[in-house]
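To keep things simple, chains are lettered A, B, C, D and E as they appear, and every chain counts its residues starting from 1.
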Amino acid sequence: MLSLITFLPLAGGLLILLLPKTNHALMKNVSLLASGASFVLSLALLGMYQIGGGMQFQELYRWIPGIAINYHLGVDGLSLPLVVLTTLLSVLSLIYSWRIDLRLKEYLFLFLLLETGMLGVFLALDFFLFYIFWEVTLVPMFFLIAIWGGPRREYAAIKFFLYTLVGSLAMLLAILILYFNSDPRTFSVPELIRQQPLAGQPLLAALAFWGFFLSFAVKVPMWPFHTWLPDAHVEAPTAGSVILAGILLKMGTYGFVRFSLPLLPEAFKQYAVIVAVLALLGIVYGALVAMAQTDLKKLVAYSSVNHMGFVMLGVAAAAAAFGEPDKAQAATTALNGAVFEMVAHGIITGALFLIVGVIYDHRAHTRGVDEFGGLGSRLPVYTGISTMAMLASLGLPGLMGFVAEFLIFVGSFGIFPYFTAVALTGLVFNAAMFLWTIQRIFLGPFNERWAHLPDMDGREKLSLVPLAVLMLIFGIYPRPLLDVINAAMAVLVGVVR
Amino acid sequence: MSVLAYAWIIPVLPFIAFWLIIFFGRRLPGEGAYVAIGAMGIDALLSIAILSQVLDGATYQANIVWAMLGDRALEVGYQIDPLTAVMLIVVTVVGSLIFIYSIGYMHGDPRYSRFFAYMSLFAASMLTLVLANNLLLLYVGWEGVGLCSYLLIGFWFERPSAARAALKAFVTTRIGDTFMFVGILLVFFTLGTLQFDHVFEAVEGGALAGPLLTLAALLLFGGAVGKSAQLPLHVWLPDAMEGPTPVSALIHAATMVAAGVYLVARTYLLFFGSPGHEALTVVAWIGGITALMAATIGIVQDDIKRVMAYSTISQLGYMMLGLGVLGFTAGVFHLMTHAFFKALLFLAAGSVIHAMHTNDMKEMGGLAKVMPWTYGTMLVGALALSGIPPFAGFWSKDEILLEAFHHNRPLFWIGLVGAFITAFYVFRMIFLTFGGQLRSAARPHESPRVMTVPLVVLAAFSAVIGFVGAPWWDNPFHHFVEFEAAAGVPFDLSLALLSTAVALAGIAAAAAVYYWKVVSSASLRRAAGPLYGLLAHKYYWDELYGFAVIRPTLWISRQLRVFDLYAIDGAVNAVGIVFVWFARLYRLFDLYVVDGLVNLVGWVTGKVGGVLRFGQTGRPQSYLLAIAFGVIVLVIGGILR
Amino acid sequence: MTVGLTHYLVVSSLLFCLGLYAVLTRRNAVAILMGIELMLNAGNINLVAFNRYVAPGAVTGHIFALVVITLAACEAAIGLALVMAAYRSLETVHVDEINVMKW
Amino acid sequence: MLPNSADLWSIAPELWLAGLGVLVLLVDLVSGPGRKTAAGAVAVGGLLLALIPASAMLTWEPRTAFFGSYAIDGFAVFFKIIIIIATALVILAAMDGLRTRFEGEFYALLVFTALGLVLMAAASDLILLALAFELVSLASYVLAGWLKASPKSNEAGIKYFLFGAAASAVMFFGFSIVYGLAGTTSLYDIPVRLRSSPLPALYLGVALMLAGFGFKISMVPFHQWTPDVYEGAPTPVAAFLSVASKAAGFAALMRVLFVAIDPARVDWALLLAILAAVTMTLGNLLALPQRNIKRMLAYSSISHAGFLLIGVAAFRGTFGTPGLLIYLLGYTFTQLGAFFVAVLIGSQLRSDDIPDYAGLSRRAPVSAFLMAIFMLSLTGLPPTAVFVGKFYVLGAAIETGLLWLAVIAIVNTVISLYYYVGVIRAMYVLPAASETPIPEPPALQVALGIAGLGTLIIGLYPQPILDLVRNATLLLRL
Amino acid sequence: MGELAAFIILSAVILIPATVVVASRNIVRAALSLVPTFLGVTGFYIMLHAEFVAGIQVLIYAGAITVLILFVIMLTQGGSGEEVRQVNEQVPLGVTAAVWLAFLLLLVLPRTPWPLSPGRLPQYSAQAVGSAFLTNYVLIFEITSLVLLVALIGAIVIARREE
């Protein structure tokens, strides 16, 4: 089941490689079919999933028994939402990319490969396997940026590749440290969590922690490792940005929650404050810098820095609460918030980048915030959806972002009251930033230069409306999603405690 | 099963209306207007039904689990008690009237149906806010109304001023909201619940007390300050008048801005419980000062709506003042009455604007003859506002002054002065608008029936609603909406007379200047001199903020951007990888990618090469030399170890 | 005193270093080759001497020496062939002039 | 006493190779001009045949033949297989491009070199080792200088010769000292005798020997011939040198160090660790500016030697030796593949400059795709062969407490990304000079395909290889 | 005593011409002075009872290799080559390297307690060597021949002119 979900896209991609170069429609349909199928399956997974059932649908095969490496997949409340998010965003991005025809074959193949990699990352329960998927996501993204990207695409691509590679290699070291200190030696994550191999060795634990930290922090990206993000986002093609912001960033936070927290609780607790401070910097800093951006994509990118800062604040808070049962409640809440924010940010920012793409790719061919104005009167639908997404992003109650931020704050306030208070100022800046953007683009007198712009067409609506609907539904009643997450987080906190 | 159990329908109806109109807009009856009005109408009826039941002492409360956090459930729900009931009435009744009025006022606007959609959304949020039985849901509604206010202020967003005003409004209130949010977090953190009655129990149980309680209360009040445009966050409200007049009437006079007052009233216990009523004292003073200051600014405004705006601010100040001086009932009472007569005033003003197509009173005059209905109703409103018995405003304001007189003498005097000024500026407005001769070439005409009818209805309310607080029926309102710990003070005739006298004096003064022209306003202005300038610049609040807040923020953000572009990027590239070569190679690779391979080779042969090239001379013998020395080093290393 | 192993080692060491010096400093490829031959001879002296003083039981050292001599011959053959070829195409036998490629 | 027949059987592959060499020469004689490729075909076929006896020996009990002068063990067999496969692939790749007279001799020499390498990997006697070493060297000099028309090739030949001859002279001196200390040349007897011998002389001897091995595996500071020779030599030869002789060099190094120079008494770990660090770093930094693919690959092969040395340095752990072997295997396929693409471009475009690879993804999609895989594999990204190797050596480093070395290795990996991605960038991102497709000759395609398959399979399912490696390492010491 | 004298003389015969080989500006003279060096080494072999090796040494070194070298000198540049600089610019470095290495060798080797054994070599070492080659070292013997073959082919291929 999980393998099917994971490798369907890849299969599709390989099939596409065999198709004739000229038949674009066929290739597009195949790709859509592949990722669509995997999306449907993931929904089925959602249906069959028992809340509170711990790891489910596990698949365990001996792979490299020589060094205790297994092919081990499994899904729990933490990974499930992310998996569904991944498949969903992939499908939508594919729908959106319908117009691409430059080197289409490579594009689709890489895209599907990327999807497989991301799904694998969220599903893998064996460090070796995880690492492989982790790296697999790297290459296609590099190509997507480097070939289909904007003017400075090569710089951005290599920067992205570089930063992430540094991180992931550091992680490899950490993984090996864990491996060699486990007895019996194993790469199996659950087993390692059970063993707590580095429990007694603060130095090694610290090394391993920072190893993981570097890798995940770069992905998240946490301040000050964020500088690859704006470049990558700005240069990447729309679909690429969507995937990048929507999912790849989550791989970092996912790593923190899935590995750093349960594997190295003491170390994490020890450095939680540092992490929190960095997160805080990311929040305030991200919002402020975003405010100064004139490039719409950069703006959204920095807002991502800000939002991922919220996530990290929650995670750090949870980590800081390790070993203090009276704070377990708060920790759970914070983690719930963090994970929920992952999903929320995935949906919202995904939507935002699609929105930018809509105006940039096929209409205005500029992203200069100041070059627009008054679009509200000509493109009502576009304006509506954009406004909604931005409002969701600035944490307006009734939309998804708010729930996440509320939970994070409620949780972290119990652990880092002052940090949280500071973080809240980020909200104001966020609001100011997004509203100002809305004002500059959609409000004010209509800029005649854009008189010819058509409103969104069906395909674009198709790729955006679902996201908007999700924002609203989970914003009003987050319970269905939250229960799934909550169960897993309760278990996690239980483990950590 | 009582109707109370169905109260949740109230906010849902407008919400549905909102989506219907958004999606089907023009295809709906009356381009969506009727849908909105229908929803509001039903709500109004429901509210009345609810009120009737609540009058019989019924209360109700219902919850659903909104989120499971660990093993603790976070519940949200709604409750119905007198305060809620009153608010419901105010919102729905005033709301529906304004909706109807809007049909006429907004007629022919390109985004006609969008307007009603937003209004419905606002109604939904406002009603949620009112019905909420916990801080979370209240906050949801709170932000919701904020959003709608944003959308509606910026409704005519083609006007840059409107767009700016909208942004200003949202961000300013958002600042207050942040404090409120911290307050909520604080409450949740200390008490583990957000549901009002649980919170109150806990507070009475002393779970939250002392300075911390004061802090929590003040943080919440921060939100109120933002919403109710109290000092120092009042700056957004006047600009908010960029929105269509019905909006100003509904949101920025009757309901939303009152939400702050409502919040304080709703969480009154937190304020009341704070040691020595500190929190309340703060509330009172802020209210009092706001009341006076705003009123004074109101004197010098020529834009009819801005006059209204400042008067609203000052009236809200009165409400806060009332609440602050233990006049719980008084505050709420004034909230209610004010809702009616201020809405009336706005709509009337709207009808005037509708006729004149301008906001500037300088260009008006002598409209009394042309638009009698408007004139009449507006006069009623003015009288109510200035507190002339028996109109609504008199009763509530009098109560506030009464409470102030008993609990806080200085504030009483401030209030009294405020009352005088209020009367002055409101009648200044009346005289400028309706008195004298028309001062422009416009061809004004009475507004259509659909606009005047709501005026009349509201005028009727404004005239009589005050009696619910009239002493000779031993003040039923007091027994309905009351806060046991702060029971109202008995009616005091002498004070009532005093305040009335002051109000009349104000009117007289206004008449003297603007009707009988005993003294010309110009000479007054000259006499006032600097004071006038101060007022004209609204005490320089905007300038202050622009200078002290906005510009620094933008400046910082720009600096940070540069910093990010260069410093951090550079630093991370250097620090991120702990390897001295790396930084160089990075820059070099940057070159490489940006300017192509050639630069790289050049750069490397220049830099790296300079160091390493020696080794790679291409001469076999230097290689051999390397071997020799390699061996020697190895040997030495081997021997020395 | 009688001649001992050490004496031979000393001589061979000196010879080796002389050869090395030639290898390092001579420009003429042939001269370098000569240096190499000297180094090889030094090695051979060691081998034979060790065989005599350390492991007289077998003739391993001799065998080794013989092998090395053979190899030396082969090296000389091939090396000189290469020198010739290089001389044909590059018109020089001075190795520091033979550097078309650097970097 | 005389060698018995078992001894003969146990060197069946070697005998076969020797015979094959001669056979190739004969075929070359009989086949007329223009149809010399037959000789190549024969050589390839024969090499593949040689795999049969070789792999048959995988499971043999470890023992020595010819009175302790020749080791028959999994370790040797492992390297034999690597070497033979590599040689076969190289010949396949060479068959299309190379059009000189003496073509037959070329193949024959390659076969003989393979034989020499095989002997190197298995020799357990200093004399035999020296012989094999020279056999390889002599043949390599000739192969490097093969294209007499091209000055570069001549230069490569003569440089390689001078360098190699000097190195081996030094090494022989070292041999002689070790012989003096031990009184024997049989690796398996040496440690017994060495017990009582003092360290300085031993270090001296080993240092001198390292010159020789370092030269073969192009370890800093004995590496500098590498780029010039690779650039000048015919590309297939460069491929061969960078893979086969490096492998054999490592085999000999390991055997001598672990078997003869009693590891228990002499701590090589730190020394080798330092050498590894220096080697990989220097190789990387020098590879960065290269725009000639062969030079770039040369330097990258140096840095890979550094990575391989980690495996040697960490021989104490359970990951060290297996790491080395698996790394070598993966590296063999990957590096060969990369060089084969270079062969293709070199023969089709007459250029080795990376910029000329622009637009290869359109002009020769298959080769470009494979090249991309090879480059990523050389960088060490999963799921490719070299990743598994790096995974192992990093593990080995950490296991034996050489964390700093692991860190350096990682930093180097990151640096290496630059120039490898540079190639990918050229192929996929840069616009093509011309859109005319590049013909991809069949034999070369086969070689490429095999290399690619090897790279991916090892990366995806290394278990079988690991088993092979394990018994190779288990059998290493008698 | 006479042994020592012989040794000293031979050492002189080896080292002095060797210095000439290394240092002489005249390439021909250098090549020629290889001969005494090789002969001196031969003397050492005889002193060490390695008659067979000595014989081979004379044949191959003093004979073949030297001649070959002289040939090549003549074929490539001809003349003594005194007109051109014979040493490159890294003489000082070369000297340093050589001296250092000599220092180390002389530091280490003489002090090393070699595992001397009193035994004596077989009387007729030639026969011993021969039989050893055909028994214990037969593999080596064969490989040697192979090496010769390869060298032959290689030399031919390289040395022949490309038409």
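Going forward, a residue touches a chain if its C-beta (ideal position, glycine included) is under 8 Å from a C-beta of that chain, and two chains touch if they have at least 3 such contacts.
None of the values given here were measured: they were computed from a predicted structure.
Chemist: Applying the touch definition from the top, give me the chains sitting in contact with each of chain A and chain C.
Modeler: Common contact partners of chain A and chain C, which must touch each of the two, are B, D.
Chemist: Higher C-beta contact count, B-D or A-D?
Modeler: Spelling it out, more C-beta pairs touch across B-D than across the other pair.
Chemist: Which one chain sits nearest the middle, judging by mean Cα positions?
Modeler: So the chain nearest the centre of the shown protein is A.
Chemist: By CA centroid distance, what chain is farthest from chain A?
Modeler: E
Chemist: Let me check something: if the centre of a chain is the mean of its CA atoms, which chain is farthest from chain D?
Modeler: Centroid comparison gives B as the farthest chain from chain D.
Chemist: Report, in whole Å, the distance between the mean C-alpha point of chain B and the mean C-alpha point of chain C.
Modeler: Centre-to-centre distance between chain B and chain C: 96 Å.
Chemist: Just how far, in Å, is the C-alpha centre of chain E from the one of chain A?
Modeler: Computed value for the inter-centroid distance: 71 Å.
Chemist: Measure off the straight-line distance from the CA centroid of chain A to the CA centroid of chain B, and report it in whole Å.
Modeler: Once rounded, the distance between the two centres reads 35 Å.
Chemist: Just how far, in Å, is the C-alpha centre of chain E from the one of chain B?
Modeler: Centre-to-centre distance between chain B and chain E: 102 Å.
Chemist: What residues in chain A touch two or more of the other chains?
Modeler: Residues 154, 158, 162, 166 of chain A each touch two or more of the other chains.
Chemist: For chain C, write out the residues touching at least two other chains, lowest number first.
Modeler: Residue numbers touching two or more other chains: 5, 16, 19-20, 23-25, 32-33, 44, 49-50, 54-55, 60-61, 63, 67, 71, 74, 78, 82-83, 85, 88, 95-96, 98-103.
Chemist: Identify all positions of chain E at which a residue touches two or more other chains, and write them in rising order.
Modeler: Residues 88, 90, 93-94, 97-98, 101, 104-105, 108-109, 114-115, 117, 137, 140, 144, 147, 150-151, 154-155, 158 of chain E touch two or more partner chains.
Chemist: Run through the chains and report each pair that touches.
Modeler: A-B, A-D, B-C, B-D, B-E, C-D, C-E, D-E
Chemist: Using the touch rule from the top, collect the residues of chain D that touch chain E in their complex.
Modeler: Interface residues on the chain D side: 1-3, 11, 18, 25, 65-67, 69-70, 102, 105, 108-109, 112, 115-116, 119, 125, 127-128, 131-132, 134-135, 138-139, 141-142, 145-146, 148-149, 157, 177, 180-183, 193, 196-198, 200-201, 204.
Chemist: Touching chain D in the complex: which residues of chain C?
Modeler: The touching residues are 5, 16, 19-20, 23, 29, 32-33, 36, 39-40, 42-44, 46-47, 49-50, 54-55, 60-61, 63-64, 67-68, 71, 74-75, 78-79, 82-83, 85-86, 88-90, 95, 98-103.
Chemist: In the complex of these two chains, what residues of chain B are touching chain C?
Modeler: Checking each residue of chain B against chain C gives 605, 609, 613, 616-621, 624-625, 628.
Chemist: Which stretch or stretches of chain C touch chain B in the complex?
Modeler: 20, 23-25, 32, 95-96, 98-103
Chemist: Which stretch or stretches of chain A touch chain B in the complex?
Modeler: Residues of chain A touching chain B: 152, 154-155, 158, 162-163, 166, 223-227, 285, 288-289, 291-293, 328-330, 332-333, 336, 374, 376-377, 384, 391, 396-398, 402-403, 406-407, 409-411, 413-414, 417, 420-421, 424-425, 427-429, 431-432, 435-436, 439, 442-446, 477-479, 482-483, 486, 489-490, 493.
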